[in-house]
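Two complexes follow with chain A in common, the first pairing it with chain B and the second with chain C.
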Partner chain A sequence: MAIRRGRGVAAINYPTGMNLGGDPTQALVHSTPTGNFMVTLSSVDLGQGMKQIMAQICAETIGVPTDRVVVDTADTDTGPHCMGTFASRGTHRAGNAVIQAAREARQVMLEVAAEELEVNASDLETDGLGNILVKGAPQKSISIFDVALSAHFKRGRSISGRGMFLIPRSYPEKETGAMKPSTCYAHACTVAEVEVDDETGEVTVLTVKNVFEIGRALNPKMVEQQLVGGSWMGISHALYETTEPYYPSRDHGGTDFNQYLMPGPGDLAQTEIIVLERPSADGPYGAKGPGEMCANPQIPAVANAVFDAVGVRIDTLPITPERILRALKAQAGAPN
Partner chain B sequence: MAKVPVQFTLNGAEKAEFIDSGTTLLHALRDKIGDTSPKGGCHQGTCGACSVIIDGELRLSCLTLAETCNGATITTTSGLSEGGVLHPLQRAFLDAFATQCGFCTPGMIMAAKVLLDHTPNPSREDVVEALSGNICRCTGYEPIIQAVLTAARSNSQHAA
Partner chain C sequence: MELRKSYFADQRKDDLHEIGQPRPRSDSPGHVTGKTAYFADRNFPGMVHLKMVRSPHHHARIRSIDISEAEKHPGVVKVLTAKDVPHNVYTILILIQIGPEDETVLADGKVRWKGEAVVAVLAETERAAQEAAAKVKVDYEVLPAVFDMEEALKPGAPIVNEYHGQNYYLYDSGECRKVRFGDVEAGFAGADHVLEQTYQSSPIEHAPTETTGCVVAPEGNDRFTCYTNTQAMFFTLDNTSIILQMPGNKLHFVGGTVGGGFGGKVDVIVEPIAILGAKLTGHPVSFIYSREEEMQISSPRAAEKVVIKDGVMKDGRIVARKVTGYTDAGAYSRHSPYGAQKGAGHYPGPYTIPNVWIDTYCVYTNRTPSSAMRGFGVTIGDFALEVQMDKLARLIGMDPLEFRFINAYRDGDMKAHRQPTEGAALIECMQEASRAANWPVAEKYLAMSSYAKGA
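Presenting the complex of A and B:
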């Protein structure tokens, strides 16, 4: 009986969003009378940072500072349609819709500015600080504040735009079954090192090293935050969490927080995160979906590490001490 | 059933309420007094989201009867900032990206405050031990541990 060490590797290929009956998200953008911009969405911020990212995307597209944008994700009864915040789709789907809406709003904004400055709209550019300038003659300019006032009170225009991003439904080919379930994939690879006590079946994860390829990281700190949390959650799913430990039987399933096993701050593996940025062709400013993807590769990596350590394949989650001990018994030829 | 009077100091202000006997402090704070910074996660003392400080000690407000708090001095996360200036722990949580959904954050900050009040220069193990009664779903804990260590360092720099 001994503590045995093992190392496992796993790589994943993860779709951004899903494609059951078409996957739409819509967005509306409009300016207030003082040239702030409002993004209206039904895409909910669960804490993953949807509001911050959508504000950045809208600001970048219109050409204003991020703090000039307010994002309202208040109400699915009244907001533009969104399929939801799941399947790592939020940034990709809602971001594309916001870009489209913001482009339309920007065009109206430039048209109003052109009338005020008596130039062609195509000769105008934004400085990213809240001003619109004539290309090549930046001394001729107007603030977006004044443009908005003009649109509202003088020219009777709405500086606004509509965004609609739809991944259409893909039907499988009858002959081959081939289809296009997603247009955009994120990737990850994890190496996990574990110790397995072959007497108790207990697994301790020593280190987890993750590389995530997530398109462009629109907000690197928030990406890191999500990846670190996701990596931990992957280990939690690999080793601890389930509501049905003897699925499909409900026996011994946790019914409250006392009985639902999750690792605490004392159970952390040494975690490393590396981000690779390969902008996606159809992502907003090259972004893919890092959210759900980042909690996946740890699970097969840990399973492989357990196999490397004690030579048993556990193919049911979570990888509990009981499952490991039963597998070790079976391996030794003893009745289960 | 007759209401019972309860009187305590909450974040420096005197509070007096008539409550049903058996009301938890969490319920009294959130629904009677309107301080929603303590969160109701599990309502059984397991998740730590409802943590508050009663007379200097970390307590679970979901398992504390409000009527046992007569005369007590209670601190919640909403009482930490002064004049719009964030408490060093709040600032450290913000800077370390130690929150995502935010539901566990007030309880984490309460647990961390009691630790730093008693142990101004904690080790990483001290921090882990202090936070071990609080569940976080989002962060993987590491950013929270780092935030508490950072707040401790900035406190000791202030003192020096």
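Presenting the complex of A and C:
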């Protein structure tokens, strides 16, 4: 009886969105009288930080710092339609809608600034700090604060914009299955190292090294929180979690966190995250949707590592100590 | 976390001000100090609590329901049964024309899974609602149940859901969603090795911090405001409008700050019955799942069975792949026909294989309906595919990572569902993993690129 060590690899891709039903999201953007910007959505922030990302996307597009943007989500009386936050679609679909709305608002803002500065709007640029400058003559400038005041009280203009992003529905062809189920794809490759106790069947995941390609890390800190959390969930799905431990039997289903197993802090592997960026052609600033994908490659990587460690294949999830011990027992009883 | 900027540097401009900046989240301080308001923080005078009477059987006919004792229980305001629900038989994907309607808000004549909602009790306190629920008498005639997908697909199996008529979802393509590409049998015939393996998963709970729920307030002008943690506001509003036969302009949904979703909050379960309760009683209504309901009543990730048959050459090329996927929908469709179809669009994985055959089935059994969960239609498929890749590599005596480089898709490669590959990056992820994990591969693989061959 011994502790045996093994490692396994897995490589995957993952689709952004699901347009087998049509996949629309809308956004509205408007300025306040003092040049702050409001993004109105009916999209939902699940805790992943959608509001923050939409604020950064709007700020980048308009040309103001992020803290001048407020995001209002998920009120059906005020927010325009969004299909919902699922299928790794939130940042991609809503982000594109916000960009379109912010561009329209920016155009009005530049037109008002042009009137104030007595130049053409096409000769203006933003400095990202809250000012509008004449290209090549930055000493000639006006603050967005003053532009918004002018628009509201002098010029009678609404600095606002409408954004719509729609992936039209794709109907799978009946005989061949030809279809366009999604847009861009994120990618990952994970290497997991495990120790397996061949006496108890217990698996300890030592290290998980994840490489994720996600298009563009719009906010690297938030990317990190999502990818690390996803990696932990992947380990949990590989080794611990199920509502029906003896599926297809309906017995022994957990009803609380004493019975429904998940890893505790001491069970989490040393986790490494490396991010590559290949901007997607249709993503907001090149972003893809890595929200779901980041919890997938750990499952097969751990399964392959268990085989590498003890030489038995557990092809049924979750890979419990009981299943490992039964497989080891069967292996020991084999004729050779 | 490290950003490796050396890959794809020619495709990126780093001239942005706000994008790419690790700005602190504006909502974090509220989350970590407990000041963020969630739906359950809403409290209204006169609010009543909704509890469900649930089926104790996996499959049974309902002979009769007696609510008289429950109605008399102190604190009870209203007891609802199927006849109170205007459009009781529904299915959520009807909004994108995927029917048939196959599920009841409150059971009518039959229950098809253990835990199915039968009677809704509204009372002044949670305790009174629970006590009254225990006084509802339902007379059941227990029917044979089927839990195993293989058994369910056999002729003569008990029919789980009469709205389908058979124990699988009928697509326009027939009993399964199909993908056909090349000639898979010719591929197997010409292969050096053929390997067929079966993979199985079990249902998984989303385990969000915040359980599913909503609080509904009648607004006095015939409108109802529903504070909810749904992941999809208008999807839920529009389905509620159908179920309650109530114009959408009477409904106002407020949400957007949710304590974890993972796909578990895209079914439309708590909102319609809570709004109906508010309409029929005139009281604000709170309906919040207990942890037990979240784990055994709320839809889990579907269990899946995946059979993969591959033809592979000694030099490492996969020449044919046949995948048969089975998604255990439980008793009702919810999002599962879509999940099975998503699997058809995902196989054979991120590899270029000239001959592919895919069948994905959505199967009904007498268990808690499954539905969306982080990666549904894909996650379990990836488990099966990537363990299969490991087995194939070992079968032909090749390093598992090098084996994947040989088959990895690149820009321009045609996928089985007939979309050309764009924006591929699998090769670069594997190159970086090789370095990061100190898993050496031959130099020729480190020299590969996802860009189109010859580009």
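FYI, the second predicted complex is superposed on the first by the 323 of 336 C-alpha atoms of A that agree within 3 Å, B and C clash if a C-alpha of one lies under 4 Å from a C-alpha of the other, contacts with A are read in each partner's own complex, and residues count from 1 in each chain.
Throughout what follows, a residue touches a chain if its C-beta (ideal position, glycine included) is under 8 Å from a C-beta of that chain, and two chains touch if they have at least 3 such contacts.
On a predicted model such as this, the values are computed, not experimentally measured, just so you know.
Chemist: Under the stated touch criterion, which partner chain does A:46 make contact with: chain B (first), chain C (second), both, or neither?
Modeler: Both partners.
Chemist: If you stack the two complexes on chain A, which partner ends up touching A:265: first (chain B), second (chain C), both, or neither?
Modeler: After superposition on chain A, A:265 lies in contact with chain B alone.
Chemist: Is it chain B or chain C that touches the larger share of residues in chain A?
Modeler: After superposition, C is the partner touching more of chain A.
Chemist: Quick one: classify A:256 as touching chain B (first), chain C (second), both or neither.
Modeler: Both partners, chain B and chain C.
Chemist: Quick one: classify A:233 as touching chain B (first), chain C (second), both or neither.
Modeler: both
Chemist: When the two structures are overlaid on chain A, which partner does A:66 contact: first (chain B), second (chain C), both, or neither?
Modeler: The answer is second: A:66 touches chain C but not chain B.
Chemist: From the superposed pair, tell me which chain A residues show up as contacts to chain B and also as contacts to chain C.
Modeler: In chain A, residues 46-47, 49, 221-222, 224, 228, 233, 256-257, 262 are touched by chain B and also by chain C.
Chemist: Using the touch definition up top, name the residues of chain C that touch chain A in the complex.
Modeler: It comes out as residues 1-5, 7-8, 11-12, 16-27, 31, 58, 93, 96, 98, 114, 147-149, 172-174, 177-181, 197-205, 207, 209, 230-235, 237, 251-263, 266, 291-292, 295-296, 300, 303, 328, 338, 341-342, 344-346, 349-350, 358, 365, 367-368, 372, 374-375, 378-380, 382-387, 389-391, 400-401, 404, 408-409, 416-419, 422-426, 428-430, 432-433, 436-437, 439, 450.
Chemist: Along chain A, where are the residues that touch chain B in the complex?
Modeler: By the definition above, chain A touches chain B via 46-49, 221-222, 224-226, 228-233, 256-258, 262, 264-266, 268, 271.
Chemist: Tell me, which parts of chain A touch chain C in their complex?
Modeler: 7-15, 18, 20-22, 41-47, 49, 51-52, 55-57, 59-60, 63, 65-67, 73-77, 79, 81-87, 128, 169, 172, 174-182, 184-185, 187-191, 209, 211-213, 215-224, 227-228, 233, 237, 241-245, 247-250, 253-257, 260, 262, 272-281, 285-286, 288, 291-293, 295-297, 299-301, 303-304, 307, 313, 315-318
Chemist: Which residues of chain B touch chain A once you look at their complex with the stated criterion?
Modeler: The touching residues are 41-42, 44, 46-47, 97, 99-102, 127-129, 131-132, 134-145.
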